[in-house]
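In the two complexes that follow, subunit A is the common piece, with subunit B as its partner first and subunit C second.
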Partner chain A sequence: MKPLARWLAAALVLSALAFALSSYHNDVYRKLLLWVTLALGYNFLFGVAGQVAFSHFAFYGIGAYSIVILTFQAGLPLPLAIVAGVALCVAVALAVAIPSTRLEGFYLALATLALAQLFIVVLNEGGAVTGGAGGLADYRLPAILGVRVTGPWYTVVIVLLMLGTMALLARLDRSWFGRACRAVRDSPEAAAAMGVNVARTKVIAFTLTSALAAVAGMAYAFVDNTVNPPIFGLENAFLLLFMVIIGGAGRQAGAIAGAVALYLLPFVLSPLIGHHHALVFGVLMVAAILLQPRGLIGLYDALRRRAA
Partner chain B sequence: MKRCKLLIGALALGATGIVAGGAMAQDPIRIGVITDKVGPARPYAEPITEGVVYGAEELNRRGGVLGRKIELLIEDDQGRPDISAAMARKLVDAGAAFILSLSLTQATQQQQTVTMETRTPQLTPSNSGDTLTTQIANPFFWQTGPLGSTQIATLLSYARAKNLKRVALISDNSDLGQLLAKFFRAGLEKSGIQVAIEEVVPRGATTAEPQLQKIRAANPDAMFMAGVLTPENVLILKAYRQFGLKFPIHSSYNLSVPQYSTVAKGLLDGITFVDAYDPAKPEVKAFVEAYEKAKGKTPYNLHGYGYDGIRLVADAIGRAGSTDKEAVRAAMQATNFAGVMGAQGMKYRFPDGKRTGFDPEGMVVRVYEGDRQGRVVHVGTR
Partner chain C sequence: MRDLLELAVSASATGCVYALLALAYLVMIRPTGIINFAVGEWAMVGAFGAFLAVTKVELPYPVGVAAVLACMFVVGWATERIAVRPLVRAGAPLLAPILALLGMLVVFRESVALAFGPDPYPVPYPLGFGRLELGPLAGSYQSFFIIGTTLATFALAWLFFERTLAGKCFAAVAIDRRAAALVGIDRTRVAALSFAAGAVIAALAGLLVGPNVSAHYLMGVPLAIQGFTALVIGGVGRVEGALLGGLLLAFAEQLTARYAPLPPGYAQGVPLALLMLFLLVRPTGLLAERGARA
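After this line comes the complex of A and B, so read on.
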């Protein structure tokens, strides 16, 4: 099957699923697709470009809040609000990324952790603009060309967003830029010696993935028509990191497997073992890191090799 | 033979109808409960849920509602608002006639998008956020937890006699702590009392001494505590005693949780705190006695919120005469119910279309006598 046909088939199957699911399962499915979208972006930043950043989820929140504020407080039409929201996220990402080129590893993680924490403080202290601790609610996705996208049709929008993000990042990964990112990740000095502009590569990777997270956040804002600070809390930034590690950093299939496994784990285990699912989560994390550092996708590779 | 077959067929049909009818009469009324079993709201949500479960058991022992048993469908939202909304959808899909929200304020907020869309009655018996009924015009949502603004108004009313001019405000950096601090600050400033200094003890801190040193330097007339994180509040009290500070402490309802008598032993004497629970109230005495008998342990105020919550729901369904959502909505709005919580004689009501049902004059101020939660020293906001 040709690549385009494969993407179309995936879009059709994933979209059709939305119409077969109940209201509850559709809601879980929508949120899962958004987590997968985020994990794909973070996989590129962390797994491919080698940047340990905790700001990815904050950009998801900036995207969500900016679309609501720009559309319903500033009164911008939705398409313009999307463009302005992305521009805002790019500006914030550049403001973080450019000074951060001097930082790497642990120090970059700390700097982006501070940004994520600052974002929550701004949300809580933002008064009427951010709605403070209660957040913003009571808004609806505006009609586009007279059509209001709701229910499973909105899930289709998220499916397309997820596949678009996946296609873009897969293409980038295979391009010169993707190879440059991997070179910078493995050895910045060697990459520089090969003619790669290390600082520029880092800034572009950070800004691009942050902008993609922001677009996913914009889609999230209309899932429950509510945004509030706990949704974008630091715990989720760590959960995203765990998803990529558990799934297998550096590979899209790993990010997808990690996101699906960790997001659905409480939903599957909670009815069986109650609140002990949190304990299972911890044990799985430790076991995965100790026994299978390449994640679920590494486990799959090993099983396939053994079968062959 | 043909007639015989017809007769048997008719009898079988009739019997099926009776069985089906009987089964329908026995169908339980499903009440959804969204609680937090692992997240930040767990310390509150757990006893409140226990109160709901006990209340449902008591109602079922007395024959249920409309001759039907109550079946609780309990879901854990992990203290995550996005999952909370998904759980609300799950409960609606499962046929819940009513949803009780016992998790974070923001989680309750997010559930409302679902209950408004599906026109499913929803009640939070414990959340205190002031904006829950104002941000979304959801006619299917009610709140009977005492509002944050009512807490501060009650505390201020008690403190007014003390002629306070300049006070300190201390809280933690949890979302709820920040929300309460905001209400406290607004209430104090509205009363013409200057907030001379405001300090925040971050979650996970190992000491509150730097914050208390700054407060000592500001020399306030009193200190208001708006934090909701127990370990951080204990750090504040430790530093307060360590520095030998003498200005009085007035606290949010958080200090009404009995665990403080254990974790803050020796630090509590003389502290006043706002509460919605009067141990001298006859309804409270009866509840405590029955709960102890059934469960073998003593309930406290948080259990009372849950107990009142499920009984409010049962009362509304009983008066509605069915689980028809519109009928239950109308019945709930017409509530006039005396529960365990609130000052003596207080009734939950939703007058003039309001959806906040805790009487603003129904809170009390109590004082710690040693490590024991002591008597009521003040009632209401006047």
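After this line comes the complex of A and C, so read on.
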């Protein structure tokens, strides 16, 4: 019962925070929670399963766009639109992962980089369906069973999504599948010799985390109530990778620390250097790999060991 | 038919740029095993270098280009010293330097963005702007200049790898790193030189494509993707593969854009489609490595 109590306490505290914040800070808080959700999923894909993919953020975008298009253009009810959107993402993820994982190395990185670029092209060229360069706007979260979730209550939905993702991935990490993923990351040959189906493990990890990103994207679609191509560009795909590496890949605490640090850093830096915080991220990334490959969380461990 | 031949000249020129980028990847991958996605940013830096040296400082074109390429040699060397060598020396997995180079990619791009802002800058034409007709083949001066320069670069690269002792050292390190070290080849020097050469070749690609697209700080990533796709198509085993892959990719792209009934933006999907096709059907690329690895 104890872990369950801890999850409940976390949900209560994080939700209560939403009611204490102003509506501007609620907006910042929601986006922070979504970044943490994305970083947790990417941590599993990159940190645990060892796959360098640049498509995670594109799947976030596919989720956001598909929910808007399916609900407001195709007229599907929300639950059905969610299921159809996830199914679409699973299909795209399988189409990319199956050919890429036939080979080791960086073919996945390249294929997903090309996919992320192609996604932006489709958004810009999609005409009335995707709204072109301006994207889609002027829609609102439909009422579910007569209830319209708004304001801090919508933040609560995102808190639950984030904690749900975290719980699912933490459980998965400790399961047979999580160990198989780590084995495949560290040595595909050894994993295969132990009876792990390497290709299938890779494809499942990629598809599952991509679907989780899509669900987070669906939640995002109703945060700003607008989706447009620049939001889902490659910049953010890199940022996600940097968050996980700077925070500490392979550990949930690292992903959370990295996401919080890099999301909040521009707020601190913008009075000093304007919009050029990406330069700082790049330098931090190189420094992290060279000096502290375990990231912020490794730094924390080292400090605590010294204190003890 | 005239239309098709004109298309062939411009597609060959574009393909040559992809081929140079693929060659830049190749000279680094062969001896070190490291895929350096920053080649696109190096091409971008090369294009900005040409703007600075030739348009701003008004050096004559050959002198300006030589100065830019010399600077890029140092940039490539320094990149290897900073982001690769410490990790290789510490015995980190191959992924670590590749990720560090992704960080360097952002550092390069954002430094240029900081220095030049988001506006595009004109890159000079070496031969001026004009049109050349060689029998049935017609195209801009720049297209023919790109094709000529690329063929010369590939000829030099081929001679280097096939005919010189230093080139044989590269090949030896590519085949078996430990054995190469045992026969007295300095692996760290080969690695540093391969990065320096990669930076020079990538910058050359940027110099050549620059006049057609203008220097812009975001031009790097598409070039990095197209260059790597060309490499996958041609295969990493042989220098000629890069050239073949680049040409094939450019022809596929331009023929699709010209003749397929698709909105123009979708031609950008051609690299992805080709890449998927090759990964499924012929993962070693078109030209397989000669039997050295057995």
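Basically, the second predicted complex is superposed on the first by the 293 of 308 C-alpha atoms of A that agree within 3 Å, B and C clash if a C-alpha of one lies under 4 Å from a C-alpha of the other, contacts with A are read in each partner's own complex, and residues count from 1 in each chain.
Criterion: contacts are C-beta pairs under 8 Å (C-beta built on N, C-alpha and C of every residue); 3 or more make two chains touch, one makes a residue touch a chain.
Since this is a predicted model, take the numbers as computed values, not measurements.
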Which term applies to subunit B and subunit C once both are placed on subunit A by superposition, clash or fit? clash
Touched partner set for A:Trp176, first subunit B, second subunit C, both or neither: neither
For A:Ser270 in the superposed arrangement: first (subunit B), second (subunit C), both or neither? first
If we overlay the two complexes on their shared chain A, which of subunit B and subunit C does A:Ser100 touch? Say first, second, both or neither. second
State whether A:Leu113 touches subunit B only (first), subunit C only (second), both chains, or neither. second
Based on the superposed arrangement, let me know which partner A:Gly131 touches: subunit B (first), subunit C (second), both, or neither? first
So, A:Thr226: does it touch subunit B (first), subunit C (second), both, or neither? first
Between subunit B and subunit C, which one contacts more residues of subunit A in the superposed model? C
A:Val28 contacts which: subunit B (first), subunit C (second), both, neither? first
Shared subunit A surface residues [contacts with subunit B and with subunit C]: 124-125, 278
Show which residues of subunit B lie in contact with subunit A when the two form their complex. 37-38, 40, 76, 78-83, 85-86, 89-90, 92-93, 104-107, 109-110, 112-114, 118, 129, 131-132, 135-137, 175-176, 178-179, 182
Under the definition above, what is the set of subunit A residues touching subunit C in their complex? 50, 52, 96, 99-100, 102-103, 105-107, 109-111, 113-115, 117-118, 121-122, 124-125, 234, 238, 241-242, 245, 276, 278-279, 281-286, 289-290, 293
Subunit A partner contacts - residues on subunit C that touch it in the complex: 35, 37, 82-83, 86-87, 92, 95-96, 98-100, 102-107, 109-111, 113-114, 221-222, 225, 228-229, 232, 263, 265-266, 268-269, 271-272, 275-276, 279-280, 283
Contacting residues of subunit A [partner subunit B, same complex]: 22-24, 27-28, 31, 124-125, 131-135, 137-138, 223-226, 228-231, 266, 270, 274-275, 277-278
